[in-house]
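Going in written order, the chains are labelled A, B, C, D, E and F, and every chain counts its residues from 1.
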Amino acid sequence: MDFSQFNASEQAHMTKIIEKKQMQDFMKMYSGLVERCFTSCCNDFTSKALSSKEEQCVMNCADKFLKHSERVGQRFAELNAESMGPARP
Amino acid sequence: MDFSQFNASEQAHMTKIIEKKQMQDFMKMYSGLVERCFTSCCNDFTSKALSSKEEQCVMNCADKFLKHSERVGQRFAELNAESMGPARP
Amino acid sequence: MDFSQFNASEQAHMTKIIEKKQMQDFMKMYSGLVERCFTSCCNDFTSKALSSKEEQCVMNCADKFLKHSERVGQRFAELNAESMGPARP
Amino acid sequence: MSFLGRGASTSNGGINHERLEMAMNEIEMVSDVFNRIVSSCHGKCISNRYAEGDLNKGESVCIDRCVAKFFDVNKKVGEKMQAAGANAQATGSSSFSL
Amino acid sequence: MSFLGRGASTSNGGINHERLEMAMNEIEMVSDVFNRIVSSCHGKCISNRYAEGDLNKGESVCIDRCVAKFFDVNKKVGEKMQAAGANAQATGSSSFSL
Amino acid sequence: MSFLGRGASTSNGGINHERLEMAMNEIEMVSDVFNRIVSSCHGKCISNRYAEGDLNKGESVCIDRCVAKFFDVNKKVGEKMQAAGANAQATGSSSFSL
(Lines give C-alpha, C1' and ligand atoms only; values in the text may rest on other atoms or scores of the structure.)
Protein backbone atom coordinates (compact mmCIF):
# COMPACT_ATOMS: atom_id res chain seq x y z
CA MET A 1 0.00 0.00 0.00
CA ASP A 2 1.41 3.37 -0.97
CA PHE A 3 0.24 6.38 1.05
CA SER A 4 3.04 8.72 0.00
CA GLN A 5 0.71 10.99 -1.95
CA PHE A 6 -1.46 11.58 1.15
CA ASN A 7 -1.19 14.86 3.03
CA ALA A 8 -0.63 14.97 6.80
CA SER A 9 -4.27 15.12 7.85
CA GLU A 10 -5.16 12.33 5.46
CA GLN A 11 -2.35 10.17 6.84
CA ALA A 12 -3.48 10.85 10.40
CA HIS A 13 -7.04 9.92 9.49
CA MET A 14 -5.85 6.79 7.70
CA THR A 15 -3.75 5.72 10.67
CA LYS A 16 -6.76 5.94 12.97
CA ILE A 17 -8.94 3.95 10.59
CA ILE A 18 -6.26 1.29 10.18
CA GLU A 19 -5.78 0.98 13.93
CA LYS A 20 -9.50 0.51 14.33
CA LYS A 21 -9.55 -2.15 11.65
CA GLN A 22 -6.58 -3.94 13.18
CA MET A 23 -8.38 -4.09 16.50
CA GLN A 24 -11.52 -5.49 14.87
CA ASP A 25 -9.51 -7.97 12.80
CA PHE A 26 -7.65 -9.15 15.86
CA MET A 27 -10.86 -9.71 17.78
CA LYS A 28 -12.40 -11.59 14.88
CA MET A 29 -9.30 -13.70 14.44
CA TYR A 30 -9.35 -14.48 18.14
CA SER A 31 -12.99 -15.55 18.30
CA GLY A 32 -12.62 -17.44 15.03
CA LEU A 33 -9.66 -19.30 16.51
CA VAL A 34 -11.66 -20.21 19.60
CA GLU A 35 -14.52 -21.50 17.43
CA ARG A 36 -12.19 -23.44 15.16
CA CYS A 37 -10.39 -25.21 18.00
CA PHE A 38 -13.61 -25.85 19.89
CA THR A 39 -15.16 -27.43 16.80
CA SER A 40 -12.13 -29.60 16.09
CA CYS A 41 -11.35 -30.67 19.63
CA CYS A 42 -14.61 -30.91 21.57
CA ASN A 43 -16.89 -33.76 20.59
CA ASP A 44 -17.86 -35.27 23.90
CA PHE A 45 -20.72 -33.60 25.72
CA THR A 46 -21.28 -36.20 28.42
CA SER A 47 -19.50 -33.76 30.71
CA LYS A 48 -19.29 -29.97 30.85
CA ALA A 49 -15.67 -29.96 31.94
CA LEU A 50 -12.89 -29.86 29.36
CA SER A 51 -11.02 -33.19 29.50
CA SER A 52 -7.22 -33.04 29.60
CA LYS A 53 -7.16 -34.59 26.15
CA GLU A 54 -9.48 -31.90 24.80
CA GLU A 55 -7.46 -29.20 26.51
CA GLN A 56 -4.23 -30.47 24.97
CA CYS A 57 -5.89 -30.56 21.57
CA VAL A 58 -7.10 -26.96 21.99
CA MET A 59 -3.62 -25.77 22.99
CA ASN A 60 -2.01 -27.49 20.01
CA CYS A 61 -4.73 -26.22 17.70
CA ALA A 62 -4.24 -22.62 18.83
CA ASP A 63 -0.45 -22.92 18.61
CA LYS A 64 -0.59 -24.41 15.17
CA PHE A 65 -3.10 -21.89 13.88
CA LEU A 66 -0.97 -18.96 14.98
CA LYS A 67 2.10 -20.47 13.33
CA HIS A 68 0.09 -21.22 10.23
CA SER A 69 -1.19 -17.63 10.04
CA GLU A 70 2.30 -16.29 10.50
CA ARG A 71 3.68 -18.44 7.71
CA VAL A 72 0.83 -17.51 5.38
CA GLY A 73 1.54 -13.87 6.24
CA GLN A 74 5.19 -14.23 5.24
CA ARG A 75 4.39 -15.86 1.89
CA PHE A 76 1.58 -13.39 1.30
CA ALA A 77 3.87 -10.42 1.85
CA GLU A 78 6.50 -11.84 -0.49
CA LEU A 79 4.07 -12.64 -3.29
CA ASN A 80 2.28 -9.34 -2.85
CA ALA A 81 5.58 -7.45 -3.09
CA GLU A 82 6.45 -9.40 -6.23
CA SER A 83 3.16 -8.66 -7.92
CA MET A 84 3.20 -5.00 -6.85
CA GLY A 85 6.83 -4.39 -7.74
CA PRO A 86 6.83 -4.45 -11.52
CA ALA A 87 3.42 -2.85 -11.74
CA ARG A 88 4.55 0.42 -10.14
CA PRO A 89 6.89 2.70 -12.05
CA MET B 1 -21.44 -4.28 30.24
CA ASP B 2 -21.01 -1.32 32.58
CA PHE B 3 -21.89 2.10 31.21
CA SER B 4 -22.22 3.81 34.59
CA GLN B 5 -19.20 6.01 34.00
CA PHE B 6 -20.75 7.41 30.80
CA ASN B 7 -22.27 10.88 30.79
CA ALA B 8 -25.79 11.54 29.50
CA SER B 9 -24.85 12.38 25.90
CA GLU B 10 -22.56 9.37 25.72
CA GLN B 11 -25.30 7.11 27.02
CA ALA B 12 -27.76 8.51 24.47
CA HIS B 13 -25.25 7.96 21.69
CA MET B 14 -24.54 4.45 22.92
CA THR B 15 -28.22 3.60 23.07
CA LYS B 16 -28.68 4.61 19.44
CA ILE B 17 -25.68 2.58 18.32
CA ILE B 18 -26.86 -0.46 20.27
CA GLU B 19 -30.36 -0.21 18.80
CA LYS B 20 -28.87 -0.07 15.34
CA LYS B 21 -26.73 -3.10 16.04
CA GLN B 22 -29.67 -5.02 17.48
CA MET B 23 -31.64 -4.35 14.31
CA GLN B 24 -28.77 -5.54 12.13
CA ASP B 25 -28.19 -8.59 14.32
CA PHE B 26 -31.85 -9.48 14.18
CA MET B 27 -31.92 -9.26 10.40
CA LYS B 28 -28.81 -11.37 10.12
CA MET B 29 -30.16 -13.94 12.55
CA TYR B 30 -33.38 -14.07 10.56
CA SER B 31 -31.80 -14.57 7.14
CA GLY B 32 -29.30 -17.01 8.65
CA LEU B 33 -32.20 -18.99 10.09
CA VAL B 34 -33.94 -19.10 6.71
CA GLU B 35 -30.75 -20.29 5.04
CA ARG B 36 -30.08 -22.91 7.72
CA CYS B 37 -33.57 -24.40 7.54
CA PHE B 38 -33.65 -24.25 3.75
CA THR B 39 -30.32 -26.09 3.56
CA SER B 40 -31.40 -28.76 6.05
CA CYS B 41 -34.93 -29.31 4.81
CA CYS B 42 -35.00 -28.75 1.04
CA ASN B 43 -33.23 -31.37 -1.02
CA ASP B 44 -35.73 -32.15 -3.76
CA PHE B 45 -35.72 -29.81 -6.74
CA THR B 46 -37.97 -31.80 -9.03
CA SER B 47 -40.66 -29.28 -8.09
CA LYS B 48 -40.59 -25.60 -7.19
CA ALA B 49 -43.34 -25.91 -4.60
CA LEU B 50 -42.49 -26.64 -0.99
CA SER B 51 -43.79 -30.13 -0.13
CA SER B 52 -45.77 -30.53 3.09
CA LYS B 53 -42.93 -32.63 4.46
CA GLU B 54 -40.42 -29.89 3.68
CA GLU B 55 -42.69 -27.25 5.16
CA GLN B 56 -43.06 -29.23 8.39
CA CYS B 57 -39.31 -29.63 8.56
CA VAL B 58 -38.80 -25.88 8.08
CA MET B 59 -41.29 -25.04 10.82
CA ASN B 60 -39.66 -27.48 13.26
CA CYS B 61 -36.23 -26.23 12.29
CA ALA B 62 -37.16 -22.60 12.93
CA ASP B 63 -38.89 -23.49 16.20
CA LYS B 64 -35.97 -25.50 17.41
CA PHE B 65 -33.40 -22.90 16.42
CA LEU B 66 -35.20 -20.16 18.33
CA LYS B 67 -35.42 -22.36 21.42
CA HIS B 68 -31.79 -23.32 21.00
CA SER B 69 -30.73 -19.65 20.75
CA GLU B 70 -32.76 -18.77 23.81
CA ARG B 71 -31.21 -21.58 25.86
CA VAL B 72 -27.71 -20.63 24.73
CA GLY B 73 -28.55 -17.05 25.68
CA GLN B 74 -29.52 -18.10 29.21
CA ARG B 75 -26.36 -20.13 29.78
CA PHE B 76 -24.27 -17.41 28.16
CA ALA B 77 -25.68 -14.75 30.47
CA GLU B 78 -25.07 -16.91 33.55
CA LEU B 79 -21.50 -17.80 32.64
CA ASN B 80 -20.77 -14.24 31.60
CA ALA B 81 -22.06 -12.92 34.92
CA GLU B 82 -19.91 -15.46 36.76
CA SER B 83 -16.75 -14.54 34.90
CA MET B 84 -17.45 -10.80 35.20
CA GLY B 85 -18.42 -10.89 38.85
CA PRO B 86 -15.13 -11.58 40.61
CA ALA B 87 -13.12 -9.50 38.12
CA ARG B 88 -14.85 -6.23 39.04
CA PRO B 89 -14.13 -4.67 42.43
CA MET C 1 -37.01 -0.47 -3.35
CA ASP C 2 -39.05 2.73 -3.56
CA PHE C 3 -37.18 5.98 -3.02
CA SER C 4 -39.81 8.25 -4.58
CA GLN C 5 -40.66 9.89 -1.26
CA PHE C 6 -37.04 10.95 -0.75
CA ASN C 7 -36.04 14.56 -1.34
CA ALA C 8 -33.13 15.51 -3.59
CA SER C 9 -30.43 15.61 -0.91
CA GLU C 10 -31.61 12.33 0.53
CA GLN C 11 -31.53 10.70 -2.90
CA ALA C 12 -28.02 12.02 -3.50
CA HIS C 13 -26.89 10.67 -0.15
CA MET C 14 -28.57 7.33 -0.84
CA THR C 15 -26.91 7.05 -4.25
CA LYS C 16 -23.49 7.52 -2.69
CA ILE C 17 -24.15 4.94 -0.01
CA ILE C 18 -25.47 2.45 -2.55
CA GLU C 19 -22.46 2.95 -4.82
CA LYS C 20 -20.19 2.30 -1.85
CA LYS C 21 -22.07 -0.84 -0.96
CA GLN C 22 -21.99 -2.07 -4.57
CA MET C 23 -18.24 -1.66 -4.62
CA GLN C 24 -17.87 -3.59 -1.36
CA ASP C 25 -20.28 -6.29 -2.51
CA PHE C 26 -18.43 -6.68 -5.78
CA MET C 27 -15.10 -7.06 -4.01
CA LYS C 28 -16.55 -9.60 -1.62
CA MET C 29 -18.17 -11.53 -4.46
CA TYR C 30 -14.87 -11.52 -6.29
CA SER C 31 -12.75 -12.80 -3.42
CA GLY C 32 -15.48 -15.29 -2.50
CA LEU C 33 -15.42 -16.59 -6.06
CA VAL C 34 -11.64 -16.99 -5.96
CA GLU C 35 -11.89 -18.88 -2.68
CA ARG C 36 -14.71 -21.09 -3.94
CA CYS C 37 -12.93 -22.08 -7.15
CA PHE C 38 -9.62 -22.55 -5.37
CA THR C 39 -11.25 -24.84 -2.81
CA SER C 40 -13.06 -26.90 -5.46
CA CYS C 41 -10.25 -27.14 -8.01
CA CYS C 42 -6.94 -27.21 -6.15
CA ASN C 43 -6.23 -30.36 -4.20
CA ASP C 44 -2.70 -31.21 -5.18
CA PHE C 45 0.05 -29.43 -3.28
CA THR C 46 3.02 -31.44 -4.52
CA SER C 47 3.72 -28.43 -6.76
CA LYS C 48 3.18 -24.71 -6.36
CA ALA C 49 2.30 -24.19 -10.02
CA LEU C 50 -1.30 -24.43 -11.16
CA SER C 51 -1.64 -27.51 -13.40
CA SER C 52 -3.46 -27.07 -16.71
CA LYS C 53 -6.23 -29.29 -15.37
CA GLU C 54 -6.60 -27.11 -12.28
CA GLU C 55 -6.56 -23.98 -14.39
CA GLN C 56 -9.29 -25.31 -16.65
CA CYS C 57 -11.35 -26.21 -13.60
CA VAL C 58 -10.90 -22.70 -12.17
CA MET C 59 -11.96 -21.08 -15.45
CA ASN C 60 -15.06 -23.26 -15.70
CA CYS C 61 -15.84 -22.70 -12.04
CA ALA C 62 -15.66 -18.92 -12.40
CA ASP C 63 -17.68 -18.99 -15.63
CA LYS C 64 -20.35 -21.16 -14.13
CA PHE C 65 -20.55 -19.17 -10.92
CA LEU C 66 -21.09 -15.91 -12.80
CA LYS C 67 -23.82 -17.49 -14.92
CA HIS C 68 -25.35 -19.02 -11.82
CA SER C 69 -25.38 -15.65 -10.04
CA GLU C 70 -26.93 -13.98 -13.04
CA ARG C 71 -29.71 -16.56 -13.28
CA VAL C 72 -30.40 -16.33 -9.54
CA GLY C 73 -30.51 -12.55 -9.96
CA GLN C 74 -33.16 -12.84 -12.69
CA ARG C 75 -35.38 -15.17 -10.69
CA PHE C 76 -34.82 -13.10 -7.56
CA ALA C 77 -35.92 -9.91 -9.31
CA GLU C 78 -39.05 -11.58 -10.68
CA LEU C 79 -40.10 -13.11 -7.39
CA ASN C 80 -39.27 -9.94 -5.50
CA ALA C 81 -41.40 -7.88 -7.89
CA GLU C 82 -44.25 -10.36 -7.44
CA SER C 83 -44.10 -10.29 -3.67
CA MET C 84 -43.67 -6.51 -3.51
CA GLY C 85 -46.37 -5.73 -6.05
CA PRO C 86 -49.55 -6.61 -4.18
CA ALA C 87 -48.17 -5.43 -0.84
CA ARG C 88 -47.77 -1.82 -1.96
CA PRO C 89 -50.88 0.27 -2.64
CA MET D 1 -39.79 -7.23 2.56
CA SER D 2 -41.40 -4.14 4.03
CA PHE D 3 -41.48 -5.06 7.71
CA LEU D 4 -38.96 -2.34 8.52
CA GLY D 5 -41.45 0.46 7.91
CA ARG D 6 -41.46 2.42 11.13
CA GLY D 7 -43.03 5.87 10.96
CA ALA D 8 -40.49 8.56 10.11
CA SER D 9 -41.04 12.27 10.54
CA THR D 10 -40.14 14.21 7.40
CA SER D 11 -37.63 17.02 7.81
CA ASN D 12 -38.37 19.21 4.79
CA GLY D 13 -35.35 19.91 2.59
CA GLY D 14 -32.71 18.47 4.95
CA ILE D 15 -31.71 14.87 5.35
CA ASN D 16 -33.92 12.60 7.43
CA HIS D 17 -31.30 10.25 8.81
CA GLU D 18 -33.81 7.87 10.32
CA ARG D 19 -35.45 7.37 6.94
CA LEU D 20 -32.09 6.84 5.25
CA GLU D 21 -31.12 4.30 7.87
CA MET D 22 -34.35 2.40 7.33
CA ALA D 23 -33.74 2.35 3.59
CA MET D 24 -30.20 1.13 4.18
CA ASN D 25 -31.49 -1.62 6.46
CA GLU D 26 -33.87 -2.71 3.73
CA ILE D 27 -31.07 -2.76 1.16
CA GLU D 28 -28.78 -4.69 3.49
CA MET D 29 -31.54 -7.22 4.13
CA VAL D 30 -32.35 -7.78 0.46
CA SER D 31 -28.68 -8.01 -0.41
CA ASP D 32 -28.00 -10.44 2.45
CA VAL D 33 -30.86 -12.70 1.38
CA PHE D 34 -29.73 -12.57 -2.24
CA ASN D 35 -26.21 -13.61 -1.33
CA ARG D 36 -27.51 -16.47 0.79
CA ILE D 37 -29.66 -17.70 -2.11
CA VAL D 38 -26.69 -17.57 -4.48
CA SER D 39 -24.62 -19.60 -2.06
CA SER D 40 -27.34 -22.10 -1.03
CA CYS D 41 -28.56 -22.78 -4.55
CA HIS D 42 -24.99 -23.14 -5.78
CA GLY D 43 -24.56 -25.85 -3.17
CA LYS D 44 -27.83 -27.53 -4.15
CA CYS D 45 -27.63 -27.31 -7.95
CA ILE D 46 -24.06 -26.96 -9.19
CA SER D 47 -21.78 -29.99 -9.30
CA ASN D 48 -18.25 -29.53 -7.99
CA ARG D 49 -16.58 -31.15 -10.99
CA TYR D 50 -16.59 -28.16 -13.35
CA ALA D 51 -16.22 -30.11 -16.60
CA GLU D 52 -17.67 -27.13 -18.48
CA GLY D 53 -18.32 -23.43 -17.91
CA ASP D 54 -21.95 -23.30 -19.01
CA LEU D 55 -24.97 -24.12 -16.93
CA ASN D 56 -26.49 -27.30 -18.29
CA LYS D 57 -30.25 -27.79 -18.59
CA GLY D 58 -30.57 -29.68 -15.31
CA GLU D 59 -28.63 -27.04 -13.38
CA SER D 60 -30.68 -24.21 -14.88
CA VAL D 61 -34.00 -25.79 -13.97
CA CYS D 62 -32.69 -26.62 -10.51
CA ILE D 63 -31.68 -22.98 -9.95
CA ASP D 64 -35.14 -21.69 -10.90
CA ARG D 65 -36.86 -24.07 -8.50
CA CYS D 66 -34.28 -23.50 -5.80
CA VAL D 67 -34.78 -19.72 -5.79
CA ALA D 68 -38.56 -20.17 -5.68
CA LYS D 69 -38.29 -22.60 -2.78
CA PHE D 70 -35.96 -20.31 -0.88
CA PHE D 71 -38.53 -17.52 -1.21
CA ASP D 72 -41.20 -19.87 0.13
CA VAL D 73 -39.06 -20.83 3.10
CA ASN D 74 -38.32 -17.16 3.72
CA LYS D 75 -42.05 -16.43 3.75
CA LYS D 76 -42.90 -19.32 6.06
CA VAL D 77 -40.20 -18.43 8.53
CA GLY D 78 -41.25 -14.77 8.41
CA GLU D 79 -44.85 -15.71 9.21
CA LYS D 80 -43.70 -17.87 12.10
CA MET D 81 -41.57 -15.11 13.53
CA GLN D 82 -44.43 -12.63 13.34
CA ALA D 83 -46.87 -15.12 14.83
CA ALA D 84 -44.47 -15.71 17.67
CA GLY D 85 -44.56 -11.99 18.29
CA ALA D 86 -41.01 -11.92 17.18
CA ASN D 87 -39.81 -8.41 17.77
CA ALA D 88 -36.38 -7.17 16.82
CA GLN D 89 -35.33 -6.48 20.38
CA ALA D 90 -37.14 -9.49 21.85
CA THR D 91 -36.20 -12.43 19.67
CA GLY D 92 -32.77 -11.48 18.43
CA SER D 93 -31.28 -12.16 21.80
CA SER D 94 -33.96 -12.25 24.46
CA SER D 95 -31.80 -12.93 27.48
CA PHE D 96 -28.84 -11.18 25.98
CA SER D 97 -29.31 -7.64 27.15
CA LEU D 98 -25.95 -5.98 27.32
CA MET E 1 -14.22 -8.58 29.43
CA SER E 2 -12.18 -5.60 30.42
CA PHE E 3 -9.15 -6.11 28.21
CA LEU E 4 -10.06 -3.11 26.09
CA GLY E 5 -9.54 -0.71 28.96
CA ARG E 6 -6.98 1.67 27.60
CA GLY E 7 -6.75 4.98 29.45
CA ALA E 8 -9.33 7.44 28.14
CA SER E 9 -9.28 11.10 28.95
CA THR E 10 -12.70 12.31 30.02
CA SER E 11 -14.11 15.22 28.08
CA ASN E 12 -16.59 16.66 30.54
CA GLY E 13 -20.11 17.02 29.14
CA GLY E 14 -19.18 16.23 25.53
CA ILE E 15 -18.77 12.87 23.92
CA ASN E 16 -15.57 10.93 24.47
CA HIS E 17 -15.37 9.09 21.17
CA GLU E 18 -12.49 6.90 22.22
CA ARG E 19 -14.47 5.59 25.16
CA LEU E 20 -17.52 4.97 22.98
CA GLU E 21 -15.41 3.10 20.48
CA MET E 22 -13.98 0.91 23.20
CA ALA E 23 -17.48 0.14 24.44
CA MET E 24 -18.56 -0.70 20.90
CA ASN E 25 -15.58 -3.01 20.48
CA GLU E 26 -16.57 -4.77 23.67
CA ILE E 27 -20.15 -5.18 22.47
CA GLU E 28 -19.03 -6.43 19.06
CA MET E 29 -16.76 -8.97 20.73
CA VAL E 30 -19.40 -10.33 23.09
CA SER E 31 -21.95 -10.48 20.29
CA ASP E 32 -19.50 -12.20 17.94
CA VAL E 33 -18.67 -14.84 20.54
CA PHE E 34 -22.34 -15.36 21.32
CA ASN E 35 -23.18 -15.94 17.67
CA ARG E 36 -20.30 -18.38 17.30
CA ILE E 37 -21.53 -20.34 20.33
CA VAL E 38 -25.07 -20.48 18.92
CA SER E 39 -23.73 -21.81 15.64
CA SER E 40 -21.14 -24.24 17.08
CA CYS E 41 -23.44 -25.73 19.68
CA HIS E 42 -26.23 -26.06 17.12
CA GLY E 43 -23.82 -28.14 15.04
CA LYS E 44 -22.79 -30.22 18.06
CA CYS E 45 -26.16 -30.77 19.72
CA ILE E 46 -29.06 -30.43 17.30
CA SER E 47 -29.85 -33.23 14.88
CA ASN E 48 -30.57 -32.23 11.29
CA ARG E 49 -33.76 -34.30 10.99
CA TYR E 50 -36.19 -31.90 12.64
CA ALA E 51 -38.85 -34.42 13.54
CA GLU E 52 -40.18 -32.02 16.17
CA GLY E 53 -39.90 -28.35 17.10
CA ASP E 54 -39.03 -28.73 20.77
CA LEU E 55 -35.62 -29.34 22.25
CA ASN E 56 -35.56 -32.84 23.67
CA LYS E 57 -33.87 -33.66 26.96
CA GLY E 58 -30.63 -34.84 25.34
CA GLU E 59 -30.35 -31.71 23.22
CA SER E 60 -31.01 -29.43 26.19
CA VAL E 61 -28.35 -31.04 28.34
CA CYS E 62 -25.93 -31.03 25.44
CA ILE E 63 -26.47 -27.29 24.91
CA ASP E 64 -25.73 -26.50 28.56
CA ARG E 65 -22.49 -28.45 28.49
CA CYS E 66 -21.55 -27.14 25.09
CA VAL E 67 -21.83 -23.50 26.17
CA ALA E 68 -19.79 -24.20 29.29
CA LYS E 69 -17.10 -25.95 27.26
CA PHE E 70 -16.95 -23.13 24.75
CA PHE E 71 -16.35 -20.69 27.60
CA ASP E 72 -13.55 -22.94 28.87
CA VAL E 73 -11.94 -23.09 25.44
CA ASN E 74 -12.28 -19.32 25.14
CA LYS E 75 -10.50 -18.90 28.47
CA LYS E 76 -7.69 -21.34 27.60
CA VAL E 77 -7.06 -19.72 24.22
CA GLY E 78 -7.13 -16.28 25.82
CA GLU E 79 -4.51 -17.33 28.40
CA LYS E 80 -2.32 -18.74 25.66
CA MET E 81 -2.58 -15.58 23.60
CA GLN E 82 -1.61 -13.47 26.58
CA ALA E 83 1.25 -15.76 27.51
CA ALA E 84 2.48 -15.60 23.94
CA GLY E 85 2.14 -11.82 23.98
CA ALA E 86 0.54 -12.45 20.63
CA ASN E 87 -0.55 -8.96 19.79
CA ALA E 88 0.30 -5.43 20.84
CA GLN E 89 -3.29 -4.49 21.67
CA ALA E 90 -3.90 -7.73 23.52
CA THR E 91 -0.74 -7.88 25.54
CA GLY E 92 -1.05 -4.55 27.27
CA SER E 93 -4.43 -5.44 28.64
CA SER E 94 -5.33 -7.00 31.95
CA SER E 95 -7.72 -9.84 31.14
CA PHE E 96 -8.95 -11.60 28.07
CA SER E 97 -11.86 -13.57 29.41
CA LEU E 98 -15.37 -12.75 28.32
CA MET F 1 -3.78 -4.06 -6.55
CA SER F 2 -4.30 -0.87 -8.44
CA PHE F 3 -7.74 -1.47 -9.91
CA LEU F 4 -9.32 1.03 -7.55
CA GLY F 5 -7.39 3.93 -8.99
CA ARG F 6 -10.11 6.26 -10.22
CA GLY F 7 -8.99 9.82 -10.70
CA ALA F 8 -9.27 11.81 -7.48
CA SER F 9 -9.04 15.58 -7.34
CA THR F 10 -6.69 16.70 -4.60
CA SER F 11 -8.14 19.09 -2.06
CA ASN F 12 -5.01 20.83 -0.80
CA GLY F 13 -4.53 20.67 2.96
CA GLY F 14 -7.97 19.23 3.74
CA ILE F 15 -9.08 15.64 3.63
CA ASN F 16 -9.93 14.09 0.26
CA HIS F 17 -12.60 11.65 1.36
CA GLU F 18 -12.83 9.93 -2.00
CA ARG F 19 -9.13 9.13 -1.88
CA LEU F 20 -9.38 7.84 1.69
CA GLU F 21 -12.31 5.65 0.73
CA MET F 22 -10.38 4.19 -2.17
CA ALA F 23 -7.48 3.43 0.14
CA MET F 24 -9.84 1.81 2.63
CA ASN F 25 -11.36 -0.32 -0.13
CA GLU F 26 -7.90 -1.46 -1.08
CA ILE F 27 -7.05 -2.35 2.52
CA GLU F 28 -10.36 -4.18 2.97
CA MET F 29 -9.73 -6.15 -0.22
CA VAL F 30 -6.19 -7.20 0.70
CA SER F 31 -7.30 -8.10 4.21
CA ASP F 32 -10.28 -10.09 2.93
CA VAL F 33 -8.11 -12.06 0.52
CA PHE F 34 -5.53 -12.70 3.24
CA ASN F 35 -8.15 -14.07 5.61
CA ARG F 36 -9.55 -16.31 2.90
CA ILE F 37 -6.06 -17.68 2.19
CA VAL F 38 -5.48 -18.37 5.88
CA SER F 39 -8.76 -20.26 6.08
CA SER F 40 -8.47 -22.13 2.74
CA CYS F 41 -4.88 -23.21 3.24
CA HIS F 42 -5.63 -24.27 6.80
CA GLY F 43 -8.30 -26.56 5.37
CA LYS F 44 -5.95 -27.88 2.70
CA CYS F 45 -2.75 -28.32 4.72
CA ILE F 46 -3.43 -28.71 8.44
CA SER F 47 -4.69 -31.99 9.81
CA ASN F 48 -7.54 -31.84 12.30
CA ARG F 49 -5.91 -34.15 14.84
CA TYR F 50 -3.65 -31.64 16.57
CA ALA F 51 -1.19 -34.13 18.01
CA GLU F 52 1.39 -31.35 18.31
CA GLY F 53 1.51 -27.55 18.24
CA ASP F 54 4.27 -27.08 15.69
CA LEU F 55 3.92 -27.09 11.93
CA ASN F 56 5.63 -30.21 10.60
CA LYS F 57 7.72 -30.20 7.45
CA GLY F 58 4.89 -31.44 5.22
CA GLU F 59 2.48 -28.84 6.51
CA SER F 60 5.02 -26.03 6.07
CA VAL F 61 5.75 -26.95 2.46
CA CYS F 62 2.05 -27.37 1.75
CA ILE F 63 1.32 -23.87 3.11
CA ASP F 64 3.96 -22.28 0.87
CA ARG F 65 2.57 -23.96 -2.23
CA CYS F 66 -1.00 -23.32 -1.21
CA VAL F 67 -0.47 -19.56 -0.86
CA ALA F 68 1.28 -19.44 -4.23
CA LYS F 69 -1.54 -21.38 -5.88
CA PHE F 70 -4.17 -19.14 -4.34
CA PHE F 71 -2.40 -16.12 -5.81
CA ASP F 72 -2.39 -17.83 -9.21
CA VAL F 73 -6.10 -18.58 -8.99
CA ASN F 74 -6.73 -15.00 -7.93
CA LYS F 75 -4.86 -13.75 -10.99
CA LYS F 76 -6.63 -16.11 -13.40
CA VAL F 77 -10.05 -15.19 -12.06
CA GLY F 78 -9.17 -11.50 -12.19
CA GLU F 79 -8.16 -11.80 -15.84
CA LYS F 80 -11.38 -13.60 -16.66
CA MET F 81 -13.47 -10.96 -14.91
CA GLN F 82 -11.76 -8.20 -16.83
CA ALA F 83 -12.10 -10.04 -20.11
CA ALA F 84 -15.78 -10.53 -19.42
CA GLY F 85 -16.14 -6.88 -18.44
CA ALA F 86 -18.04 -8.34 -15.54
CA ASN F 87 -18.72 -5.22 -13.54
CA ALA F 88 -19.02 -1.50 -14.16
CA GLN F 89 -16.44 -0.53 -11.54
CA ALA F 90 -14.07 -3.29 -12.55
CA THR F 91 -14.28 -2.82 -16.26
CA GLY F 92 -13.14 0.77 -16.31
CA SER F 93 -10.01 -0.06 -14.38
CA SER F 94 -6.63 -1.14 -15.64
CA SER F 95 -5.66 -4.25 -13.65
CA PHE F 96 -7.31 -6.57 -11.20
CA SER F 97 -4.33 -8.39 -9.74
CA LEU F 98 -3.54 -8.11 -6.05
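FYI, a contact is a pair of C-beta atoms (placed from the backbone, for glycine too) under 8 Å apart; a residue touches a chain by one contact, two chains touch by 3 or more.
Predicted, not measured: the structure shown is a model, and the values here were computed from it.
S.K.: How many links in the shortest chain of touching chains run from chain C to chain F?
M.R.: 1
S.K.: Between B-D, B-E or A-F, which repeats the contact pattern of C-F in over half of its pairs?
M.R.: Over half of the C-F contact pairs recur in B-D.
S.K.: Would you mind pulling out the distance in Å between where the CA atoms of chain C average out and where those of chain D do?
M.R.: Result: the chain centres lie 14 Å from each other.
S.K.: Just curious, how far off is chain F from chain D if you go by their C-alpha centres, in Å?
M.R.: 27
S.K.: Show the residues in chain E shared as contacts by 2 or more other chains, in ascending order.
M.R.: Answer for chain E, listing residues that touch two or more other chains: 27-28, 30-31, 34, 45, 64, 68.
S.K.: Going by the contact rule already set, what residues in chain C reach two or more other chains?
M.R.: Answer for chain C, listing residues that touch two or more other chains: 37, 41, 59, 62-63.
S.K.: Considering only the defined contacts, which chain F positions touch chain C in the complex?
M.R.: The contact residues of chain F facing chain C are 21, 25, 28-29, 32-33, 36, 39-40, 43-45, 61-62, 64-66, 68-70, 72-74, 76-78, 80-81, 84, 86-87, 89-90.
S.K.: Show which residues of chain C lie in contact with chain F when the two form their complex.
M.R.: Listed in rising order, the residues are 20, 22-24, 26-28, 30-35, 37-39, 41-43, 45-50, 54-55, 58-59, 62-63, 66.
S.K.: Along chain E, where are the residues that touch chain B in the complex?
M.R.: Result: residues 1-2, 12-16, 19-20, 23-24, 26-28, 30-31, 34-35, 37-38, 41-42, 45-46, 48, 50-55, 59-60, 63-64, 67-68, 71, 75, 95, 97-98 of chain E touch chain B.
S.K.: Which residues, counting only chain B, touch chain E once they are in their complex?
M.R.: 1, 3, 6-7, 9-10, 13-14, 17-18, 21, 25, 36-37, 40-41, 57, 59-65, 67-69, 71-73, 75-76, 79-80, 83-84, 87-88
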